[in-house]
Amino acid sequence: MKFGILVNEGPYNHQAADTAYQFAKAALEKGHEIHRVFFYHDGVNNATKLTEPPQDDRHIVNRWSKMAEEHGVDLVVCVAAGLRRGIVDDNLAPGFRISGLGQLVETGIQADRTVTFGD
Amino acid sequence: MLHIVNKSPSERNTLDSCLRMAKKGSTILLIEDGVYGATKGGVAENKLKAAMADVKVYALWPDLEARGMQDSVIDGIEQVDYNGFVDLVVADKNVQSWL
Amino acid sequence: MTESTGGIDMDEDSSGTVKKFAFVNRKAPYGTIYALESLEVVLISAAFDQDVSLVFADDGVYELKKGQATKAVGMKNFSPTYRALEGYDIEKLFVEKESMEARGLTVDDLVVPVEVLTSEEMATLLDEQDVVLSF
Amino acid sequence: MLHIVNKSPSERNTLDSCLRMAKKGSTILLIEDGVYGATKGGVAENKLKAAMADVKVYALWPDLEARGMQDSVIDGIEQVDYNGFVDLVVADKNVQSWL
Amino acid sequence: MTESTGGIDMDEDSSGTVKKFAFVNRKAPYGTIYALESLEVVLISAAFDQDVSLVFADDGVYELKKGQATKAVGMKNFSPTYRALEGYDIEKLFVEKESMEARGLTVDDLVVPVEVLTSEEMATLLDEQDVVLSF
Amino acid sequence: MKFGILVNEGPYNHQAADTAYQFAKAALEKGHEIHRVFFYHDGVNNATKLTEPPQDDRHIVNRWSKMAEEHGVDLVVCVAAGLRRGIVDDNLAPGFRISGLGQLVETGIQADRTVTFGD
């Protein structure tokens, strides 16, 4: 099955970013496809390459980047939400791309299920 | 329809709203702070038990375990992990997160 | 709503598909940005010719309250945009009766005409959707 | 003590907790989504009216006006702007935000 | 709690002042970071020799629940840190009775010894503070 | 009177960042002193210079920078919270500085009142 995932909160502050990742990981391991992960609202903060969590903690940004690299998952940051919050090409982590909100609607159309994670 | 609730019933109105607008026969999955709703002695115990006549309730055990609530789950609530979460999304024809 | 929303991309074979989309609004305006950014998605969705419904429940009903004036808080008043939705052919706006009444509001307090549904009718509406996005 | 409440009483338990733990004679200021608590017909109307026997309640009018609720304020709740907010913080010996 | 907290700076004339600080915890752990980052401030405050109290009310009581095991969610279990507070001379931990009971919990369910206060006693405690930081 | 201000949420997503600014502005206009504004949790996101809100909206980051410039207000970003969220020297807006949590406790001691704005 083809999943779309919407992430509405930033890393560390809300568990939404963690749950979305664990869900996506489980879906891939079960052989499903992730059509796209779309980052909206504070969710765009998942995409900053400047993040340096404590060494004994998970690295939420790098986890997404690795998932993009290993599974070709399309990680899309909303351009408008990103501009409001200072997520732009300059600080974008590998594997993420910036695009418009149309990409979210398009995922809703293309994916068999679109699951939202937020606050 | 699969309804996902991620907020504590003692902090927000989310579970109440979900129960009010969930169609008979639907499924509710409690995740994150929402798992407190699945616990004995919690504020939602009675209303959830009552709702279980009409809806099937699941709770994500990684979240129960993180919060030390794994031994307090209301009878009849089934526990799933992230794989089970994926299966629940597949099983129903649509899904709504009550943010 | 003047901001850039990026290129609208209708690639793959999405142009022919029509799905039922519901945007569920349950948060008050201004305290958080969800109401405003939800509206931005709704406006974009109009370009995709989908079957779009807007649902207002819980504090989301407050988004439609008449008389919003944001000068003193220094924020942008986005409530007039709800009146512009009709021009985008987005005409299905549903308000949950129980939420509206619990807040002492009636349809006369709202900036746009809406259809009022009971919780039970709302349950049926939501159950019929293909995609439910919550804000 | 000045208690600041910024959450809607129909979304969260914040106002309830504040009322439960506010000492008699203290002051409560409703701001942001908290101002819905100051409105007639809102879910908190009766409990706030009852509490007003023991505490003095203010609401931030810029937030009331932003939300279009300026004409629905419960009698006896005084409205202040940001200057008045500052004065309230000065007037009491300490302040707590109920986050 | 191994992370860098930056230099502790006791400049100006703060070294002689002792204020009553209360850290009020009202949120559940893991769903949001407030509980963890609150604890980080508490640990730092120990270096300033202030009169520190920790208050747990509403879902904040859940922060102290025994048996937390976070391997499956992939997060760090910070509940053992509450047991380390005593080593920092932070010994005043207060739990609101009404919040604890509403959640079906007793002091036996908590990772550290606490003093249980009624809402009314908590009101008095809070009222006596100089600085109240809420998380 | 001397105020300390704690900001716990990021710009645009929560009104806390707006209310904190309006409060600080009113306090300064009334002749009070702001000992420090401390940014914690997602509040650190108030300090990114990469923010570009829509032209017809307020610029929350620049407003703080201007307040620091005009009134010498000390804007401190928590280093640990900033590292977790990708707010570092590289993207720090003018007028902000990065320091430790001790600065928050110190403000509580120094200021006559410490007011928290958050979610």
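Points to keep in mind about this one:
As written, the chain order gives the labels A, B, C, D, E and F, with residue 1 at the start of each chain.
Following the convention adopted for this analysis, contacts are C-beta pairs under 8 Å (C-beta built on N, C-alpha and C of every residue); 3 or more make two chains touch, one makes a residue touch a chain.
Predicted model, so just to flag it, every value in this text is computed and none were measured.
Path length between chain B and chain F in the chain contact graph, taken as the least number of steps between touching chains: 2. Taking the definition of touch as given, a chain qualifies here only if it contacts chain A and chain F alike; those chains are C, E. Comparing chain pairs C-D and D-F by the number of C-beta pairs in contact, the larger count belongs to C-D. Rounded to whole angstrom units, the spacing between the C-alpha centres of chain B and chain C is 26. Measuring from the averaged C-alpha position of chain C to that of chain E gives a distance of 40 Å.
The distance from the centre of chain A to the centre of chain E, with each centre set as the mean of the Cα atoms, comes to 32 Å.
Counting partner chains per residue, chain E shows two or more touched chains at residues 3-4, 30-34, 58, 73, 75, 130-132, 134-135. Of all residues in chain F, those that touch two or more other chains are 8, 12-13, 15, 22, 41, 54, 57, 80, 83, 114, 116, 118-119.
Multi-chain contact residues of chain B, defined as those touching 2 or more other chains: 6, 10-11, 13, 32-33, 62, 81, 94-95, 97, 99.
Pairs of chains meeting the touch criterion are A-B, A-C, A-E, A-F, B-C, B-D, B-E, C-D, C-F, D-E, D-F, E-F.
The part of chain E that touches chain A in the complex is made up of residues 2-4, 30-33, 73-76. Contact residues on chain D toward chain F in their complex (touch as defined above): 4, 6, 31-33, 62, 81-83, 85-87, 89-90, 94-95, 97, 99. Within the complex formed with chain F, the chain E residues making contact are 3-12, 14, 17, 19, 21, 33-34, 37, 40-41, 44-45, 47-48, 50, 130-135.
Chain D makes touch with chain B in their complex at residues 10-13. Those residues of chain A lying in contact with chain F across their complex are 10-13, 41-42, 45, 48-54, 57, 61, 80, 83-88, 90-91.
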